[in-house]
Each structure stands twice: as structure tokens, then as C-alpha cells.
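Below, each structure is written out as C-alpha cells.
Here chain A shows up in two complexes: once beside chain B, once beside chain C.
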Partner chain A sequence: MSALDRLPSGRGDRALLAGVACLLVGGLFALTPLQADLPSALYVFVEVGITFVIYGMLVLGLDLQYGHTGLVNFGHVVFFAVGAYATAMLAAQDSFSGIALGYPWPLALLVGVIAAALLGVVVSATSIRLRDDFLAIVTLATAEIFHSIFVNFEGTFGGNVGILGVPRPIAALVGDADTRLIATLLVLGGFTLITLAVVTRLTDAPYGRVLRAIRADELVTRSVGKSTITYKTQAFVYGAALAGFAGGLFALYNGAVAPGFFTIQVTVTVWIGMLLGGAANHRAVLAGLAIIMGLRLVSRFGLSVTPVSGDVFAAFRLLVVGLILVAVIRYRPAGIWGDPQELGVDQ
Partner chain B sequence: MGLLQEAIFGVVTGSYIAIAAIGFTLIYGIVNMINFAYGEYLTLGAFVGFFAANALPGPLPVAVVAAMLGGGVISIALARGFFTPINHTGPVPMLLTSIGLGIAVRNAIRLFGGRSARYIDTETATFRFDAVPEVPIGSVDLLGGFFLTSEHLTVVGSAVAVFLVVHLLLTRTDVGIAMRAMGDDESLARVRGIDTQLIRDSVWVLAGVLAGLAGVLMAIQTNVSSTTGYSHILQILSAAILGGAGSPYGAIIGAYVIGLALAISTAFLPSSMTGLSSAVAFAILIAVLLVKPSGIAGTEVREA
Partner chain C sequence: MSLLAAEGLVKDFGGLRAIDGLSVSIDEGELVGVMGPNGAGKSTFFNCVSGVIPPDEGTVTLDGTDVTGDPPESLAHRGLVRTFQNTRELETMTVRDNVRLAAPDQPGERTLPALLRSGSMREREETVRERADELIETFELDHLADEYSSNLSGGQRKLLELARTLMLDPDVLLLDEPFAGVNPTLTREIADHVRDLNADGMTIVIIEHELETLTDLVDRLVVLQQGRLLVEGEPEAVLEDERVIEAYLGGDAE
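Now for the complex of A and B:
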């Protein structure tokens, strides 16, 4: 029996293996004097790649909520933001604005996840019974409320400046910029792959079948004795906690949080990524997100070769992004790799 | 500034939100979608009004009429291009489409119009009432001197005129009665021989005309920029849901509640936190959905 035969065959297990491998290699870069050499042309790819793996956790959580359970959460960024702010406020040292408590960062990350999950509990306890489109509006309004709270309570959240001086565990271990970028990408990418493994395991289990049944027909699911509200609340809270985890990691990677990182743009990006790839298929939503983030790369390169201002280019990119969302819903409602039959849409 | 003055501002804000919220809630009730791109209709109307005011020699009302016509044409064109083809897919794809369309239109406006704010020149008469006694309670003055401008009166007057016209339209004309019938039950309306697509189109035109009017009134009050409408969409939405989604009369009440709540919260919040007043509108919205999700007029928005 060769070593290959002993490798796990399930998709989730393979993702777990790949994730652990990424973490180990990333840890190797971070903990040993091993150095990576990155050509400067690739910097932008690695930076967008880091954003991609962080947003990847967001899209996996959102897919659990919308793709599997049918919960239309259009304020996903608020859980990301709450996780990031909670982590930053607990872990930051000597920020000149807002609260900085200076606790160890693992504790802060844990609190970030719990804070986002608690907000998820509150939102779902109050709104999970609303009709789909009204749930979308409530979550969107929640995100807007938190955004204006972060901007306006300068004493607590640092206003538009945000909170600085958040510890950066990987940057603290690695001095060299190239190695730091590679190690960050590997460690965060490892977490995303492990997340992929966990959600795949969850949705392959009978539990995931109940979630998809709720999406297909809630009344029928209830009539066979499943407490649909409990399942919906759980799916919502899992997604929120995952977004909080992504937010905490973002704060620890970025070293600062500010309201500008947590606009409705984040929600729109992950939604388009999910719909483009095909909801209810974990790898498809990640691929869809990669396409949208790739567009961001294209526009970065385009900006350097065309003689227009950055503002014009940003407007043009958003114009295209909006039209992609419209076109996907109209012409490929199941996304590129989605299953139209399972999603109940006609192609 | 006294609370009375803030209340006047609140009524003015409530008036243009009410005009827009009627259009928004009619779309919700009859096309059965939350149109998140509706704010962009206001912006486009405001731009049409701005260019008409500069290009046409006539007085300001000409620009207002141009904005209303422009709003109606834009609304039906966008509906025909984007919403009518996916009418059968249900509320969520339509909401998502409107979000995408809103982003696209907003940035198209930014692309062609730039980010700077434009102003419509108007001659404003100000009426001051300084003789009113002050009634201070704590740091807040309950009465106090106040002023009114001719713009305030124009906005409130237009709103009252719109309420009357919409009321007469919905109760006295065939097309209005057909709209209400469709809002109640689309299949029954079709069985009774109502051309549902024609009615849907007329709702789009009516909502666009109202959006154009609200947009140009906002432009006269403040300025025209690519975010004129978008910055008000959540208030319009809150007003419509507060009033009971689909009910124009509820939307009017909802709009004034939102307008007054915004203005009065400005009076009570410390000056460094005036940005929070927009959050107040959403807090009201969430509170309404928790306590009485059917809104003032009583339309059910919960499942099962």
C-alpha cells in the first residue's frame, strides 16, 4: 500500500490536509530563519491573495447562511467589523485614538469571535422570522448603524482614524518583508482551507441536508418535525462567528482597524463572489470570489497603464461590478458552477 | 437653536422623504420588490432638474417639471431593461438586481458628473419670527425664535399637492383602482381583465415622476451630487416599512415620523455625534420590525 492510498479521499478531508500543510509551512517561515524571496512584481498578487483568503472565510460563512439555508444576510460586513473591532480594542497597545487594552492577542481573537457570534444571536433572535427581503433590509440597516457608531463614538472606537497599534503576531516574528508576506498568506490561507474543511463536513452531514431542506421548502421541513427556527438561528450564528474570526485575523494582520475597511463594499464583493460561483457549493463560491478579486487586480494594473485618475477608475470598476451582479442574476441565476436544480432556479 | 426650529426642519425633511416613499411603497406593493436602486432615480431626477434649470430660460417650475418627466422616463426605461424581464423570479433576485443596478448607476453618474456638488440657484425669501419666547428645559429650548424660507414652503406645499393628487389617482381613476386591486391580489386582478403589465408600467412611471420631484426638491434644499439620492434611500425605506410596506398613506405618516425623529435627535445629541442621527432612522426601522412588523397600515411581512 503506497502512501498515496492512505491519503483521505473526501473533499473536506483533503482541504483539511492542505490547510494544515499551509499552516505548517507558514509556521516554518515564521519560526525559523528560513527566508523567502519574492520578486517585487508579485507583491500585488500576494497582497490581493491575503485579502482573498480573508474574504474567503466571509464567503464560506455567507454561503452557509444563504446558499444552504436561504437566509438573505445583506449586512455580512457588520460581523466582520465587530470581530475586528473587538479583537483590536482588546489587543491594541498605545493607540492614540479609541480604547486599547493591551491583552494578549489569542484572547482578543477569541473575544472577537464571541462578540460577532453574540451579535449574530441578537440579530437572528429578533429578525430570523422576517420574510427574506426584509431580513436583507434589517441586516443591511444593522451594518449601517454599526458603521455610524464606529465613526461617531470617537472616544471608544477612534472615529474615522480607527484603532491603531494592534499587535501583528506574524510581523513580530519575521523581520524580512518578503518572508512576512509569504508567511501571512500561508497561515491565513491555511485557516481558510481548514474553514472550508469544517463547513464541508458540516454540510455533508445530515445536518446540512436539513439546512438545504429549509431553503427548498421551510413548511415541509417543519412538517417532518424539524425546528426550522433553531436550525436557521444556528446557521446564522455560525456564519456570524466565522465572519468575526475573519475580522479578528484581519485586525491582527493589518495592525489597525478603521471604518473605511468595513463598508457595504465588502458585503457586495462577497455576495457577488458567491452568486457568480454558484451558491451552496463551497469550492464554487471561493472560485467566484477569486474571479471578482481578480477583477480588482486587473483594475490595479489598468490604472497604471491608462491616463485616467484613480477616482475615475474606481467608479468604472464599481460600474462593472454592479452590472456583473445584474447579469449573473439574470442569465446564470445558479452561478457558474452551481446546480440550478438544487437551487430551484430556471436557467 | 430651539426645538421648534428643528421640528420645522423635520417637517421639511419628512415632506421630501414622503414624496419619495410613496413611489417606493407603490413599487413594493404592486411590483412586489424592494427597489434599492430607487435612490439613484432621485439623483438622476435632481441632475435632470439641475441641467434644465441651467439650460432652459424659464422659471424654476419648468426645471421641476423637466425633472419629473425625466424621472418617469428613466424609471420606465430601467424597469423595462432590468426588472420586467425577471419579474417572475421573486423578491430576492429582484432586490439583488436593484442593488447591483444601484451601484452601477451611482458610479456611472460619478464617472460622468464627477464627485463635486452642484447647486441650483434660487431666490430665497426668509421669514423670521424672533419674538417667540424661549422655554428652556435643560440644554434644550422648547420654543425659541425660528425662521421659514420660501424653499421650505415650496417643499411642504409640493408634498401636500402630491398627497392630494396620489389620493385622487388611487381612488377616482380606473388606473389607480386597478393599481390597488393588483396590490391586493394580482391573480384576481388579472382574472377581472386588468392588464397587469400595463398597470406595472404605469406604477414605474408614477414612481419615477415622484422620485424626480423628490430629487429636485432635495437639490434645491441642499445640492446635487452622485450620492444625493443614495444618502436618503435608507430613510425612504424606513419610512415605507414603518408605514406598512405597500401602503402610500402609511408611507406619508412614516416619512414624517422619520423626518421629525432625525431632526429632534439632532437637537438632543451632542454636536460631535450628529452623524448618529442617520442611525436613529434605522434603529426606528428595526424597532418597528420587532414590535409591529406589519407597520402602521398592517401589512404582514413575516413568513407563516
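Now for the complex of A and C:
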């Protein structure tokens, strides 16, 4: 497979083309009177699809950090949250809780990305030298601290209510609900595909070779003249900025942010998606994420066909998802599409 | 003038003084062997010189510049590269990628050229590939080029490590036990490579237990004991030195 010989090639450029195409078609829906018709049974699928493409940006950033560079980030949600809150607070027109500054949304989105990247810089500066497991603890703690701040500083962040009145650029252009959903999915999906193209270019280049070398053995990488701290910081900050971008887009799609959207559940979902698909393989982590999110979605419908109560079914559903994960770890420890040799996993 | 000089190096690990006021100087183009019983401080000496651990006292100068405590990556840029006692491969990477990684001055290792696939990155990568394949061939690893390095045998790992360091085209090469756990044929082969490199002008320092190979190979032997310099000089003279014989055979006879 091409992992053996990564010459910068056309890989990833198809994703770029597809991404641009999605943006264009999405823009067509948004800017012209063109309308889409969506059967109501599909609503839930499109909505989960939108969440999937947003989380897709998270998992691609996380894969750059963990899959390629070996940085264990258990607090990925915090960068997503900071991006979302910064965008929301700057762009919100008027919110009855928290700060609403009413700036134009593109500026707010940019600030959201920068805020998340800055937090990434701060966490890197203090902790990137730590050994894997310690970095995991620091990132986990950072996420919990920020969650607590968002809940408790009600005057600034709106407490449990969060920030409301965030402009929704796509909703503002499209009145019709069906068309709006389709256009949102296409535009956000387009961004995810472009993200995929960007990280693929980065990791296919000699840059990615250095990242994978750091994951394999940092001292060796240093002794052949690579400044590993710089690379680790960059990978961490890029992942954080991507999560901030995803957060900003989420705020502008959702129209509101609240602590409930940014729980540890988000981190857990993207981690499971990454490990399920196979770390260090961009398309695999997206597929893994699709599987875990798809499982949760499909199993919801199971309630209507099983003769048990809702409580029992909820517990049963978690059990099934857990069993599938156990099976994957047992039989495919490197993930479904992961390369055991590349990841150094014994089979 | 000496190319690499350590002056009064001291390194403590807790209560243990691993090296104690060690001064060694190596001239350009020399091939020097460092030997001594276990625990004499050979590897600590290498670690201090190559920036893996900073010395507590003393200075290291490379080509007239004070490089004490400089990290390995900046020493590599200055032309000093080392290998490790227990071969350290990038096991999750192929033999090819192991060697290519070490290439210096690849613009594609920066974000923007990597994202833009700049022409300079592609051109550099072409030469990197050629050079890496040359080295892989020189060390007779070409049939394993696409193999993950975790699948290599001990001897092949030593060769790979050597190929990887040579990708950097160093001025000074520090080899930490390049013959340990290697069969006699391969030992001769590695020794030949070392000799050739030295003949081409590379300054080489070797730590080794294998006395016979070492004495045949080097211009000068440095013997360490308990973190200090015991004897140095021509290999034949050093081996006949009573202090050396005592250190190796006598052990406690003081």
C-alpha cells in the first residue's frame, strides 16, 4: 500500500475537489431559489450527518496529534468548546445570558480559531515535554477546568443556559427547512473534506515522516537533527485550531452554545471513532467515527421493535456498542483499517 | 587542533558519580576507540558529549565552539551524530523511511512547503531518495527496503542505524557498541565500513567491548575506569599496560 512509499502525490486532492464541489453545491442551495425536498424520515439522518462532519474535523485533528505524533490528548473537547464559545460570544446579537458582542460572524469564526489555537499553545508550552500519560492527564484536567468555568461564570458565559442569539448564516439565507438542512450538510461536509485534504497533504509530505518518527522514538528523531518539541507543539496547535474551527462552525449552525454540548462525551466519541477506524489513517478515522455514530443512531430505532422498556433498552444499547468495541480491540487492535506494523501493535 | 574535546566532564546520578573529571580530545580525521569495564562511564561520556544528558560540570567543544549541554538536534546540525548501544530503530517505519528521515535541509519538513507541495520540497525529496537508496544498497539492506524495521535482525538493525546516521553526512560519528551482538562476518563488514568512512575523512569514536576488532581498527585507544581516564595511546601499547590488564582481569585487586 502507499503507506510504504509516501511520495507527495495526488492523494488527498480528490478530497479537496470533492470538498470544493460540496461547498459550491451547498452555496447554490443557499444563494439561489433552488430547493431540496427531504422526506421527513430522513431528517434525523441528515442531522446526525451534520454532527458527524463537525466531529470529523475533531477526529482529523486528534489523529494528527495522536495517530501521527503520538500525543495523547484526552481533552480534545476543550478546543472545540473554546472555539464555539469565542465565536458565539463575539457574533451573538443579543443573548439574555452571557456576553453578546454582535460582531460580524466571519470575524467571530476567525477569533474562535485563534482562541483555540492559543489555548493549544499554552497547553503545549507547559506540558508538551511531559511523557504521554502525563500529557493525557493535563489535557483531561484542562477540559474539566474549562467546562467548570463555562458553567460557573454565568455573567460571561451564560452558565448552563449558555450563549443564545448566535447568527446562523445558512439559516439566514434559506427559509425552507429541507433546503437549509441539505445546504448545511453540504457546506460543513465540504469543510471537512477540505480539512481531510489538508491533513493528508501534511502527513504525506516529509513533514508527516518526522511526526511518525516522533511517535516511534523521540530521542532517535532528535539525534538525526529534528527539533521534536517544535513538531509536537505544531501538531498539537494545528489539532487545537481545527477543533476551534469545528467549534465555531458548530456555534454558527446551532445558533447557541451551552456546556451540555461540550461534555467529555465528545472527546470519548472521537477517540472511539479514531481507534475503531485505525489511527494514523485519515480516511479510516472518519470511517470509524461514522461507524460509532451510526451505531448509536441505528440502535435508537431498535426500541420500537424490541419488547422491552426504554430503560432496559438504553442499557442494552450501551452493552452492544461496548461489545462491538471489545471485539474490535480483541481481533483488530490497530483498528479496522489500521496497519498493525505502522502502529506497532502486536497481533 | 582537536575537533571534539571534552574538558573536565562530571556527571552524577544520585550518589553515583558516573564520570569524574574526564577530559578527552579527538583530532580531525582520527579513529578513536573508547573501552573500559562495565560501569566505567563510556556510555555516560557519549551521552554527555552528544547532548542526550547535560553534564554537571565541564565543557564540550566541537570545532572550537562550546556546545556543552546543546541538545542532540542542534549537535546533529553541527555535524555530530551518534548511534545507540541498544539499537534504536523507528520500528513503525520502513527501512527506507528510517534512512530518509535523517536527511537534512528538507523544506518539506516545514508546514507551508508541505501543504503547497513546493517545487523545492520535491526536488530535495528526489535527491533524498537517491541518497537513501544508495546507502541502503551500500549496507546491503536493499532487499529489506520496504520492510518495517521491527522485522529486522539485530545485525541488520546495526547496519540500518549506520545508514541512517550517514544520511546526515556527519563530521564526527559516535558509535556506541556497533559490534555488540553481531556475528563475526557482519562485525568484519561493519569494521570495513567504519574504516572506509574514516579513510574518507570522517572522525569516528567507537565504544566497544570487542577488544580484538577494536584494536585492529582504531588509531588510538582511550581506556576509562570508574569515570576517569585510565590510559590512552596506541592500541598495542595500551593493551600491554598493566593498569589496563588489571582493570579488565584483576577487577578488585588493588
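Everything that follows uses one rule, which is that the second predicted complex is superposed on the first by the 309 of 347 C-alpha atoms of A that agree within 3 Å, B and C clash if a C-alpha of one lies under 4 Å from a C-alpha of the other, contacts with A are read in each partner's own complex, and residues count from 1 in each chain.
Just so it is clear, a contact is a pair of C-beta atoms (placed from the backbone, for glycine too) under 8 Å apart; a residue touches a chain by one contact, two chains touch by 3 or more.
Just so it is clear, the structure is predicted and the values come from calculations on it, not from any experiment.
The partner of chain A that touches more of its residues, comparing chain B with chain C, is B.
In the superposed model, A:E144 makes contact with chain B only, not with chain C.
Contacts of A:R215 after superposition: chain C is touched, whereas chain B is not reached. By the touch criterion defined above, A:R131 lies against chain B but remains apart from chain C after alignment on the C-alpha atoms of chain A. In the superposed model, A:S227 makes contact with chain C only, not with chain B.
Of the two partner chains, chain C is the only one touched by A:V198; chain B is not. In the superposition on chain A, no contact is made by A:L107 with either chain B or chain C. Contacts of A:V326 after superposition: chain B is touched, whereas chain C is not reached. Taken together, the two complexes place residues 219 of chain A in contact with chain B and also with chain C. Interface of chain C with chain A (complex): residues 50, 52, 71-73, 76-77, 81-82, 84, 88-94, 96-97, 100-104, 106, 108-111, 113-115, 117, 121-122, 125, 128, 146, 148, 150-151, 164-165, 167-168.
Of all the residues in chain B, the ones that touch chain A in their complex are 33-34, 82, 85-86, 89, 91-93, 95-97, 99-108, 110-111, 115, 234, 237-238, 241, 272-273, 275-276, 278-279, 282-283, 285-286, 289-290, 293, 301-304. On the side of chain A, the complex with chain C involves touching residues 4-8, 198, 201-202, 205-210, 212-213, 215-217, 219-228, 234, 238, 341-344. Those residues of chain A that touch chain B in the shared complex are 72, 74, 126-127, 129-134, 136-138, 140-142, 144-145, 148-149, 151-154, 218-219, 268, 271-272, 275, 311-312, 315-316, 318-319, 321-326, 329-330, 333, 345.
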